[in-house]
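What follows is chain A paired twice: with chain B in the first complex and chain C in the second.
So, the complex of A and B:
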């Protein structure tokens, strides 16, 4: 028996080793860079003949996306190009989706042609060589049709890596009734006003002016973005810039530390039962959130209809209004696609042709990235009952123009957010020293970047 | 292994050597109620029942009552039936499709895994063949490897075979259950007397006939245990179908419901489907509850056997 057990132990050890090796093979091998073989068509631009041929040859495309009801846009595409049929598959959301895309790309079969990505993950997928450069397919011609800061999110080193779909410029949704009861009649214009209002709300009502969710990395990063902080950078090769604990970032978080430690804002985790209850029962008199939130909120807190209003974020400098972004996504073509021309046309058409792009804004309630949709009265002139008939879309369209265009992401945002939760997020949840939280995040990011073979600049 | 000659668990207990019996507590003490144990048991009942009660109460509420009323009691409106209608109406009844998928995956896996585990366990217990001990040790070792760690290698393997995104990709890995093999070996060692097999051989029955007609009947309680184990494991499996399947039409309930839940909290383009998700989750556990109540007596017998020998 002993003999057998030892042999078994050897067998198990070797199996485990294989597993470990396979697993590490699936993680992002950043050191391979973006130098993967081009698909052969990158020598020159795709000609009209090639495009016509691709669009009239019967082709099956697979499109992985979590967008509900995107089948309607796809049906419009199939009607416009009858030779092409598209299978829409929802393989999960967020990190579930991303790990499936990575695994399928690595496995060499079963990968989709077109995928949904959040803007912040475009660089992370580009660095592992999974995204097709859309420049030869004519994507550069689209640049002027999109809001400039959004377009910058899909361009890296002269390559266009995706077509923008929606965005989430940050604004302030607030309960007009609670603020009025506290004696605040105007939405706070500056962060100093916001603190005063927060004190009034705490003193005169049972509510908090807002909830700052500890684990919401993208939301916090959006607030840094608004303040003009440049925490991340990537040169497209091996150099990354990590500066999440600079003086400007620390100034922003010390403001929040003050509010959190004086119990002027709550720090509940968001998208939880408790949080939904807080929104419904008036525990939170506001939410600093993105342009996709107004419609989400009207579903999640339906009982409070008519009481909410929208405003821009409070400002650091009223003469120079600015905002950041939280969320928003793009459609990208994978290099693994066997029909890149048709795949590009799908990604482009549903986000660029006026009918499907407007449908995203009116049916899915996405906040548009295409200028002509933002200006379309069907979108801009909506007067939702939930906000007392206020033209919320117009408010956010105005905010979108103030978003800083020079913003970059790290090529490993999956790790960056996990690390965020363990460092800065933990400090927020503990109502502790947020500056130290940023320092810990910085150290964690630098260490990871070095391990992955990047050079860390400043 | 021929030392264990007991036929059924009851006789095994009665044949225990007398010194074991002496060490047991006197009968009158054993019959006395222990208030400490009663309290512990009631705490366990509360611990296990509260989530179920919450789930039931919540499935009778609409979206806004869900977040404005107390979780463990009914809301002002009784919405259970509207919710059920919504669950089955969502996306042209995709919930029903997911249910059928789950039944297919769990049913086929449970029956197949039981059959394989029974045959393997019986063979390990009753035959001596070269490599018997080594193979059994490997099986034991395989229990230690979490299925989670194997999911991605399995995906890569299936991907090169071209069977990802098919029902096979979920069913095949679920057919193999090392723990069930272990359980069936222990059970078969006890439940099938070697003399019975020898009698069969003397009468000229082939080994397969002995297995099907003699051993299988004696093994039935153990098989039900194993079947319930694998049924529950496959019914609740989330990671494997999540990795293997892409098409909405192929998903089982676990992954489908998680997707609905994600749609509710998606932010951009989100739909408030909370009551649908909760009612769907509530409905999805009903078949398991029925299976447990119906097969409970087999389950207890089977578990007790594993305990005596394990």
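So, the complex of A and C:
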């Protein structure tokens, strides 16, 4: 169990050794019942009869995902709906996955029915018209079962574009022993406290309180999210809002500018050999990170077991605690699917029925998005040894409630992150002018948006 | 009568090369024509596809990312390529002189990096370059020197040049060494009778004799430099801010197509890159040829 847990956690963050694992469990040979489904009853909503027919007609579905061990959830689905046979395929992770989904979807053949997407890329795929609107299939009925901010991530302009799977609200994982040695007994409650603690850690130990990876756009954006910055927006048509260099964003980065230039935090690239060493050897006394990280860390820094603790992020305003999000994914149905009803039922069932949804939390170690799973004692009451028996899941479940619900993405996040690395990320790496880095990022994003035919609103 | 036989022979000859041409047309000419066609359009996220003629090419000439990438490749061309070919020539001559002991083993060792898959090589160098726990850092801190970050935004280009030199010096050496082996022995005897030493022999006999091989490795290196892709693609994981989107033109074309969703512009960049390679290779070939005619 524990070993499997680590494996899963490693896979969450982009290591691709799971291809074989995922490919091995696929393809049972049912006959290909690829009949085109009727598009709906008179009011556009799928009727119960249509649903029943779709779920009892022998059908083959294809599901592209990088999630290791998802065959178990799929097997539960197939047991519940014996007429449906699902082929799970892992076509790569990150960029590889996305470019294949786009290619297949635009080619009009060979595309899967259901795909895995990170939350932040839902808009990017919606803009190119690749995602099926799930509203006629009854997706709106699910809204109240999910954490509100998560549900907002899959809704755009009244359309439900995906079913949430996991998320990554931001918290603070820290080395209790190093902080204690530095004279910090409580996890910093405010960002001001955090700076004081950072100074103590630098003065009294060989560690940095944290590492702020220059190339980790999603993590930085999560910190802006926490501060209530609204850098992105998309109206579903031609208009995008880009405001990454507003006064509120600059206030956040000037805080980090101060810490970086005074050598209070390190700026090493993350998920590299160096970084793993740094975690294991106590170079970093903490990590401002997402809810999927606790399990990941327990595998990546196994030497330091028992020394870590979890806490919410330091706050800008202690009376209004808030957090941002980093990572997390959803299952969406492609418009190219020939069996949209069955495909929707697959995406819904594995993420909504209690058994498979809880299994994601306990087996894949995904941080849940469904309220009933977050509250399930099997998940919430875990007391991992790595964190000295602290109920880490409970901490993050509490954080999840404080995530700002009003957050939007640009419809071209792939470009936005690459550009981030060249502009803001480069400024962080050089310990240079972060504010100018934001300006450069803003200019680059505006230029790309205009090039692509969008109208940019300030 | 003989005419019909000749015609028959011609037809048979064409028949023999037909399979090649079929594959060549389907797998090379057709995709090339298709990307040429793509490069004349623009595919926007909003507004879709429209014909723009040569606008993509005009855009490339004003694109600082593309031009910087070309500049970076040019820098590699004028610094790394001469060093690499110089080393390769030196090794080839040293091995050929027969003075070095265990020359077979040496030859194999120098050639070995070429056989290491690029992915492994880059992973390995990533470890060696690491700032605080890497091999170089550990050695330099062991002797009391400050550690330098070879993966920093400023030094990453030189780190890549070093990897490329390491990987391809053996390959170029083998090409030159093979050419050295085919020089007829009489020339050496004649030179020795004239009283030439090893250095003189190398300079006045060996190097002029293997000039075609050196030219070949130069042209290959030029093409290789412009097509650098693996190194930035892999090192971007450990140096995410140093490797920019347009680090090399080839890497830029990839990013344009698969990150920016701008396939048309990527096709234009690829075509321009092809033209640049052709021009530079041709100029190099021409200049060496004219030099030969002069001498």
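Note that in this section the second predicted complex is superposed on the first by the 415 of 458 C-alpha atoms of A that agree within 3 Å, B and C clash if a C-alpha of one lies under 4 Å from a C-alpha of the other, contacts with A are read in each partner's own complex, and residues count from 1 in each chain.
Here is the rule we go by: a contact is a pair of C-beta atoms (placed from the backbone, for glycine too) under 8 Å apart; a residue touches a chain by one contact, two chains touch by 3 or more.
Here the structure is a predicted model, which means the values were calculated and not measured.
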Which superposed partner A:453 touches (first chain B, second chain C, both, neither): second
Touched partner set for A:426, first chain B, second chain C, both or neither: second
Touched partner set for A:215, first chain B, second chain C, both or neither: second
Which of chain B and chain C A:223 touches, first, second, both or neither: neither
Partner chain in contact with A:84 - chain B first, chain C second, else both or neither: neither
First (chain B), second (chain C), both or neither touched by A:265: neither
Winner by number of chain A residues touched, once chain B and chain C are compared: B
First (chain B), second (chain C), both or neither touched by A:110: first
Which superposed partner A:182 touches (first chain B, second chain C, both, neither): neither
Partner chain in contact with A:127 - chain B first, chain C second, else both or neither: second
Chain A residues contacted in one complex by chain B, in the other by chain C: 271, 273, 277, 281
Interface residues, chain A side, partner chain C - complex: 95, 99, 102, 127-128, 213-216, 237-238, 268-269, 271-274, 277-278, 281, 283, 411-412, 414-415, 418-419, 421-422, 425-426, 428-430, 448, 451-454
Of all residues in chain C, those that touch chain A in their complex: 44-47, 126-127, 130-134, 151-153, 237-242, 244-245, 255, 258-262
Chain A-facing residues of chain B, complex: 63-64, 66-68, 71, 133-134, 136-138, 140-142, 144-145, 149-150, 152-153, 155-156, 159-160, 162, 164-165, 242-243, 246-248, 258-259, 262-272, 274
For the chain A and chain B complex, residues of the former touching the latter: 1, 3-5, 7-9, 11-12, 15-16, 18-19, 22-23, 26, 62, 64, 66-69, 87, 89-94, 96, 100, 103-104, 106-110, 112, 166, 168, 271, 273, 276-277, 279-281, 290, 292-293, 295-296, 299-303, 327-329, 364-367
